[in-house]
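What follows is a pair of complexes built around chain A, which joins chain B in one and chain C in the other.
Coming up: the complex of A and B.
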């Protein structure tokens, strides 16, 4: 893979050229958090963020969008959520998240709503530094060698830029004089030192390879009931998870002869209606059953299909769940440890 | 980028195909029969399915839901469904008159393994609305009668008025080339001439079963499975020759929306037909 160097002072001039081609989206501040937002003023871009509130999936499969409109004549496909975008500042874990979604949406019955948005989206990755909630090293998603068009490693006064695709190469060629093709030995040493230090900075470790077995062996362990009792069934874990793809479908009629719409909306298997069928039968009425499904998918099912967990170690569930049900606490509980999570502190008289 | 090189361009699998209701009439108090044809004849001919597969039916404005096909693929052209009024989509469907427009897409799911079932004896056990998918496979077997060994049907319903396709099954009893036993849990008419009791009381009436050569199929209300499966096992039918079709919430039918996930499989792609072995080794199936 081609690796070039970009001095920091040339970064905005580069964005200036490429943002004329497509909408530029990047992490910006929102309160004390960060979100991906449309950016015209490059000074808004936050270069040293950890995770954004929502993962970049929101730009490929928005939280709610029309799949088609309908009237008496028939159906009209609606792809209005698709536009040319350049996503800058996507961290390796989130790129892995997109690759996981690719496997689902581009496999067997290709999903045009995802595929068309994905085709029009350029991914410009950016290196990051872990905080205490990141565990991407445990999921081996702290490094990335595919799934991006360009990847920027921030080495303080310059970037090393990995060129991951032909379209990424086209972007560089729009302003080739900004980039240096030759890397010095000291540049390379800087990168190696950065990588070594970065790898040491991960403080949360989870043994994911043990999880499929433990999910099977501990399927009936009492901690599931306890976690189920604490779970608010709010669905936040799914909203923030880069690999949660479940969705609901809703028809909306319009007044005044306007066409009706069929919407697709983010959904979560932790919500009570998720497995309900006609007539009120619910296959997962209890919160514990729904949590087990969520973690079966993340820690076990995906491993048996693809040889790796569908968790990418971004830590969003750790910072989001109000009652500390997350990949870290559940893994600890599966390993037989007391994760000291909220649900272990819950008085036993609190009933579901 | 990756998306471009990986995807295969195909039509949009989420767009329903316009269809019309040809006939609809009540089968019981809350179950209706629907016969449907695609507006586009090419679409009708392209819709090739197996018994046990399902389709997604749309009533625009009300939504979309999965329904198993009740017609056999050996009678192409028209699709038949038997549908219980149970939610918003079925509620809207019940309000539609003949010739009304609906949307249909599919067929989806694995269906019954009819290739493997060919040449074998077929034992079909039906409870109530379980007739919907099993009618497709039964009529398929009868339409291809010489491809199958002995065909037996055990059909139980709550009461005579709730026996869906009652006349059809009484007519089947007259045929000499299959064994058909009917039962109702309770006879509230006083004129029921067949058996009274739950469906499992029909097992002793079966003529000798050759278990190694038999595929046993069951569909019915959840409570019924345990008892019927016990009878199949008593007959020594191998667990991977015991087939059942399951119901799950589905929003897409094509393995994307996630609702029908069980363990590492999707009911819509890997099911809805499962073997008894699948059920034993996967959690949450029944």
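Coming up: the complex of A and C.
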């Protein structure tokens, strides 16, 4: 893979050229957190962020969008969420998240809404530094060697830029004089040092190797019931997870001869309606069963099919679930530890 | 008028009439509504109301008097499908927030002094399903235009309405808000039925629960969580009860240790 160098002062001029090609989306501030947003003013771009509130999946399959309009004569596809986009600032774990969605939506059963949006999206990755909630090193998703068009490693006064695709190469060619092809030894040393330091910066570790077996062995462990009692069934964990991909479909009819719409909405297996079938039977009436399904998918089932967990270690469930049901606490509970999480304290404190 | 149009009646029991008003406020769709359905009764909109057999009755308000109750029983008898619209009808509304029957009686005396009413007997406020079978629930205080229209159009097409069965948090996440609850603010989103597009948290205001209880509202977990975050117990209960109607009665009684 080709690696070139870009001096910091050339970064905005580069964005200036490429953003004439397509919409530029990048992390910006929302309160004291970050979100991916369309940017025209490059000074809004936040270069040193951790996870955004929602992962970049929101740009490929929006949380709630219309798939087609229909009337008695037929239907018309609505692809208004598809546009040429350049996504800058995607961290390795989130690129792995997109690769997971690719597996689910682009192979066995192709999903036109995803595929069309994905084909028009260029991924410009950016290196990051972990906080106490990141554990991408444990999922081996803190490094990335596919799934991007360009990848920027930020080494303070310059970037090293990995060229991951011919489309990425095309972007460089739009302004080739901004990039240096030859790296000095000290540049290389600087990168290696940075890489080693970053590797040591991961403070949260989870033993994913043990998880498939533990899911099997602890399938009936009482902690599932306890977590189920504490779960608010709020769906937040799935909404923020870069690999959660389930959706619901809802028909909206209209009056006065106007066409109806078929909406597609993000869904979650932690919600009551998810496993309900015609006739009102619900296969997972209890929240404990739903949580067990969520974690089976993340820690076990995906591993047996694709050889790795479907958790990419982004830490979003850790910072999002109000009652601390997340990959860290569940994996501790699976390992037989008392995670001191909210739901472990709950039973003792429920006294009228 | 075509014969096969659904016969619909819109009724108001004890409430603020906000839901009927919302329907009337669908101005650009009103003609379409009246075209698509045979609106037999709608007191706020017209004077030639007929109280006969109905395909669908939309009923707003809670049952708070003997007269409400008689009217509701009559509507139920005449209607194939009964839809509770608005918080008062679906959950009992604010007026159902006095939970303990004795507390309610004391309050009635305190407020009205003499409690023998001349025209009807006051009852402790309750949602429709305390007395009759309710087929569908359209929550909101008041109901939301978009949800009302999608409910109505589906009923007109002969399908059951499909409303969100999850709490406000899901829509809140769709709008990529930074969770207020996680920032130590008392937000009732996890306990509250979705449908408002999380309008309050999207403006940095906590949800106070006006859409009424979510299907799986986990009062215990949210109460414990708020206690841990240092909120006052009575304050939590007061906030939780404001829009929960009778749904929170058992929980509140358990927490307060009140014998029912």
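In this text, the second predicted complex is superposed on the first by the 347 of 352 C-alpha atoms of A that agree within 3 Å, B and C clash if a C-alpha of one lies under 4 Å from a C-alpha of the other, contacts with A are read in each partner's own complex, and residues count from 1 in each chain.
Everything that follows uses one rule, which is that a residue touches a chain if its C-beta (ideal position, glycine included) is under 8 Å from a C-beta of that chain, and two chains touch if they have at least 3 such contacts.
Since the model is a prediction, treat every value here as computed from it, not as a measurement.
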{"item": "Partner contacting more residues of chain A (chain B vs chain C)", "value": "B"}
{"item": "Contacts of A:174 with chain B and chain C, given as first, second, both or neither", "value": "neither"}
{"item": "Chain B versus chain C as contact partner of A:323, first or second or both or neither", "value": "second"}
{"item": "First, second, both or neither for A:296, with chain B first and chain C second", "value": "first"}
{"item": "Partner chain in contact with A:217 - chain B first, chain C second, else both or neither", "value": "neither"}
{"item": "Touched partner set for A:229, first chain B, second chain C, both or neither", "value": "second"}
{"item": "Chain B versus chain C as contact partner of A:192, first or second or both or neither", "value": "neither"}
{"item": "Which superposed partner A:35 touches (first chain B, second chain C, both, neither)", "value": "second"}
{"item": "Contacts of A:17 with chain B and chain C, given as first, second, both or neither", "value": "neither"}
{"item": "Which of chain B and chain C A:250 touches, first, second, both or neither", "value": "both"}
{"item": "Footprint overlap on chain A, comparing chain B with chain C", "value": "250-251, 253"}
{"item": "Contact footprint of chain C on chain A as seen in their complex", "value": "30-33, 35, 53-54, 58, 63-64, 229-236, 239-240, 250-256, 265-266, 268, 271-273, 287, 319-320, 322-323, 342-343, 345-346, 349-350, 352"}
{"item": "Residues of chain C defined as touching chain A within the complex", "value": "29, 31-33, 35-36, 149-150, 152-154, 156-157, 162, 165-167, 169-170, 173-179, 181-182, 189-191, 214-216, 218, 220-222, 224-225, 227-228, 254-257"}
{"item": "In the complex, chain A residues that touch chain B", "value": "67-68, 70, 72, 74-75, 77, 99, 102, 104-113, 115, 118-119, 121-123, 146-149, 165, 167-168, 219, 245-251, 253, 260, 262, 267, 269, 274-279, 281, 283-284, 289, 293, 296-297, 300-302, 304-305"}
{"item": "Of chain B, residues touching chain A in the complex", "value": "1-4, 6-10, 12-16, 18, 58, 60-65, 84, 86-87, 90, 101, 103, 222, 247-249, 251-252, 254-259, 261, 263-264, 269, 283-284"}
